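So, here come the structures, one by one.
Consider the two complexes below, in which chain A is the common component and chain B and chain C are the respective partners.
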Partner chain A sequence: MKKKFFSPKIFLLICLIYVISIAAINFGFINSYWEGILKIALINIILVVSLNLATGILGQLSLAHSAFMAMGAYTSVMITKFFTASGWLEFPFAVICGGLVAMFFAVFISYPAMKIPGNYLLIITLAVNEIVRNFIINFNIAGGSTGCRGIAHYSNFSAVYIITVLIVGFIYLLIHSKYGRATICISQNEMLTKSCGVDTFSYKIATFSLAAFFAGIAGGLFAHELLVIEPNMFDYTYSLELLAMVIIGGLGSISGSIISAVIFTILPYTIEFILDIKIIIYLLAMILVIFYMPTGLFSDYKAILAAIKQRFLKKFSRGEKS
Partner chain B sequence: MILLKIDNVSLTLDGSRIIRNLNFSVPQNEIVGLIGATESGKSSLFDLISGVYIPDEGKITLAGIDITPLTIEKLTTLGVARTFQNANFFSNFSVTDNIRLGFHNSLKYNLFDVILRTQKFFNSEKEIDERTNELISIFNLSDYADMFPNDIPYDAQCRLDIARAVATSPKLLLLDRPTGGLSINQAEEFMNTIEMVNRRFKTAIVIIENDLNLLLNICSEISVMEYGTIIATDNPIEIKNNQVLTSICLGE
Partner chain C sequence: MNLISSIINSLLAGGIYALIALAFTLGVNICSLINFVNGELFVICIYIINLCVNLRIPFIFSVIITMIICAISNMALEFYFYRPILKRNKFHSLIVSIGLAFLIQNVFVFIFGDDPQNLSDAVIGTLMFGSIEIEYSLFICFIVTLALMFAVYLLLKCTKLGKMIRAVSENSDSTALMGINNDKIILIVFGICSILLTAAASLFYMSISVTDPYVGTMIGLRSLAAAIIGGLGIISGSIPESVIGAIAGGFIVGLIETLTRTYISTQMSDIAIFLILAVYLTVNCKKYK
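== the complex of A and B ==
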């Protein structure tokens, strides 16, 4: 890990993408259907990068990411729906409250799970995911199984884009500091990290709940974009889908997560028949990546280019021999 | 002056008493050897001092502060550093970054500085960069600075292990069989490195070692352990000349 501080090139790229997409939306190159898909892609970026924080950086597999998202979505919807304050001010407040609720539950879950050695967090998060979903259905939270309708449309493109950039930037800056370095070390050798003076227990809880906080925020944005939320949107297949995106993008790689989130969100809408069987394709791709490219498809594009080149060169040389 | 004092400490793990009524002390700026047959509780004693285990009874004090109930990360901040049996490192980080991790608590910036990338953040990182480079040259790791720990020779890995421990700026350094796996020549050279650390960083050092001869020149005193307690503490020559003690060290 060399000194990678905030570079003006990346900043310029972020601004450029924003200006181009805003222009395309306003001049009608992108219709409202595709605008919606782009927003979902941005929300998925938040989800995948934050899940990568918990899974790739900290090394704790979590399958409750869609549950944290549901907590954020339902909390923020209840705030914007039932406590009608003055228009725009309530949206940031509601979204942040959604994030905080998810974070609170993440602390609650991870505190006992991190105390014991072994990867019990995976089992606990899998359980929590279903508990949350069934809780919403059976206790009729905001409409229960029929879903919650009539949500105000607050998530416009600019808001979603800015929040995504802020969150991804925050995670990027965090990883390239002593906090990030220490967190990466925990997954490699916890005892040695402790003997470097790192309070690993607090780090684990803090990182996991931070990931949940961002998932909650993403849930808030998601609800105010789709305008209809149902508990079944947040089942564990969605968590698995996110996990597949993280692994395909590369564990611990932020740029990989961004690329895979964008590609795997947009792909099903461009190739029609994928939409129904997308979970099969994603999970199969995840398994193949685990076997053949454990570092991920998009994490180190230079290595992949080199590998492809080598393949082709081999073919050429074989051709020459025969 | 006494830096570390262990008073009548006992430890029971899984029903067996590993450490029994042990008394031990380490003077400031001295190198102390700890020898004994395998399974005599040497590493467990290190685990007690460094906070991996908390003793059932007894008291451990470091420079007058009671450190008995403290955990390993708190003890590191107070100035106890240790290495583990076999060289340990973070294999996904380069040699330089491995040493940098030892400086974790010397980086005096907070979350606010991280997000806004204040001057304090850059100054702090830069200062640690310099201190890391200094340690790299002291421990003769310049050739391997950008390589990964798995790719460097074993003796360099051992030096890396100590360099990372020294980076936490310890008052007391616990070395658990630092020469395990090295050849005789390498081990003797390694002892010179340890002596250099002692003189240069003013660190008290405790070394676990199986080979008494390696300790003769550098230790001010040597303690012999058997069945979880220290049975003798004397200067190295006396221990060497005592037939009973040397045979105990060899496990006979």
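== the complex of A and C ==
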């Protein structure tokens, strides 16, 4: 099994994508506009994979991911504005602090909902989303509704790429460890897992708060990339987009999440008219996927590839026969 | 005196939450599905009532027209979306419910825009009991809420249809063996839910003067909190008791909202409601199975 974790193919692929994109950025094949979109896509990969940890692996629907992101973003921005240390000292510190704040609130939020079976977490997280947004607006935190400006530009492509790879790799290792298998068991049958001697309550809280920690880190990166943050960026529409990406990519599938995050981030910028109605399209796609392909569009790409190959082969062989 | 009159007014306004909470409770009891579409249907009902009143149709008739439209649309949603998915997976049906709710909201905003809309006052005036001042509309609201709750309670307790609904909510497998059409009963319950939602929308129309399309999410969530405080999930299986629970929860949430608004601040009311919900869930965690 250990060979599978550190398979050289995937390592080479990651390095290759990094080298190609860095070369394309430096030689001007990708302008700064598209570089920004690529960074947003990478941040969305962190968010979607961590939401998949809470929704697909743990089996708890959560719509507070953009609220955790807002917590991370605002905390890290306050730290980088307050300290005047050099960028490479304060930026990791600020981002990790943002993640820790999001994690703290996630433990606090999920404590009542995780004690009982059922999807009460969904109700509480949906409310938390609105409460956090209203709190930032009404209590005038870092500029209130007008937003916070003048943020230092720390998230360059390499930093975002390395953090994304580290987080996705960590979640991959986590899912395939003893801990991850126990978490998958909780989503299948909680009572049975409990009777096998797994402390389901603390496992649930730990998994959910870990997802929130990664969301907070993504929020910090997001704030230092866009340079302007407003509370309305972090409303429940963003959480819904992330949930739609998770479900379209496939519940519990990391590769599917990565593919759907990249596609659904870049798609609205290539086709102009989608940008206004993108949430409608995402939700419609989510419902259709749940109805006709509940395992997700991109989760079992080998099966899809096999189906396509078979179809082409059939045509080819038919052509040969005739 | 200000305190007493504000408490009374809050209790009256809690009727809206109580009615939507009852719609949520019925949905959860009959097919164990939290139907988030209720909040959005509530907003659409307000808009249809406003449209009818602006077309100079009398208020009562516009409420009846809205009731018919809402019932048809809710039953259609049940028939086309929930019926196939409920038989497959509870988790997927919850995802479909939340997706549909926000899909309806966003399509509505896309077509009609999200400008705040003024609602014309249907009932104006205040009632004086000594020095306590009560608005007419809130008084009507309270009476209508209690009457509807009583009607639903009687329907569930005393009629044959109510007996069938109770049986389906307790054990749907054995009711299917006894020759009850489960799908038909679920469809009828969704119809009852839409009647309750229309009533709540008409009460909202009477007591509040401005609305926008996003109001449904938060009102739906607050009434869901009301339903949980009223015992949703604990006393499932005995619907008549959960009717009383929903009405109590609705009035409690109305009271919390008004008290925080008058004594702390307007923005704290949501935080207070969900903090109390969290405390309630933590205290009663052993009762959920």
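What to note about this one:
Keep this in mind: the second predicted complex is superposed on the first by the 300 of 322 C-alpha atoms of A that agree within 3 Å, B and C clash if a C-alpha of one lies under 4 Å from a C-alpha of the other, contacts with A are read in each partner's own complex, and residues count from 1 in each chain.
The criterion applied here is as follows: a contact is a pair of C-beta atoms (placed from the backbone, for glycine too) under 8 Å apart; a residue touches a chain by one contact, two chains touch by 3 or more.
All values reported here derive from a predicted model rather than from experimental measurement.
Contacts of A:Leu89 after superposition: neither chain B nor chain C is touched. With both structures placed on the common chain, the touch criterion links A:Val128 to chain C but leaves chain B unconnected.
Note on chain A: of its two partners chain C and chain B, the one contacting more of its residues is C. Touch criterion met: A:Ile277 reaches chain C, while chain B stays clear of it.
By the touch criterion defined above, A:Gly118 lies against chain C but remains apart from chain B after alignment on the C-alpha atoms of chain A.
Applying the stated contact rule after C-alpha superposition, one finds that A:Ile290 touches chain C and leaves chain B untouched. Of the two partner chains, chain B is the only one that A:Leu174 touches; chain C does not reach it.
Shared contact residues on chain A (touching chain B in one structure, chain C in the other): none found. Partner chain A is touched in their complex by these residues of chain C: 34, 81, 84-85, 88-89, 91-92, 94-96, 98-100, 102-103, 106-107, 110, 217-218, 221, 224-225, 228, 233, 267, 270-271, 274, 277-279, 281-282, 285, 288-289.
Partner chain B is touched in their complex by these residues of chain A: 1, 3, 5-6, 170, 173-174, 177-179, 181-182, 184-185, 188-189, 191-200. Within the complex, the chain B residues that touch chain A are 50, 52, 71-73, 76-77, 81-82, 84, 88-94, 97, 100-102, 104-105, 107, 109, 111, 114-115, 117, 121-122, 125, 164-165, 168.
The touching residues of chain A, when paired with chain C in their complex, are 59, 61, 63, 109, 111-113, 115-120, 122-124, 126-128, 130-131, 134-135, 138-139, 236-237, 240, 243-244, 247, 276-277, 279-280, 283-284, 286-287, 290-291, 294.
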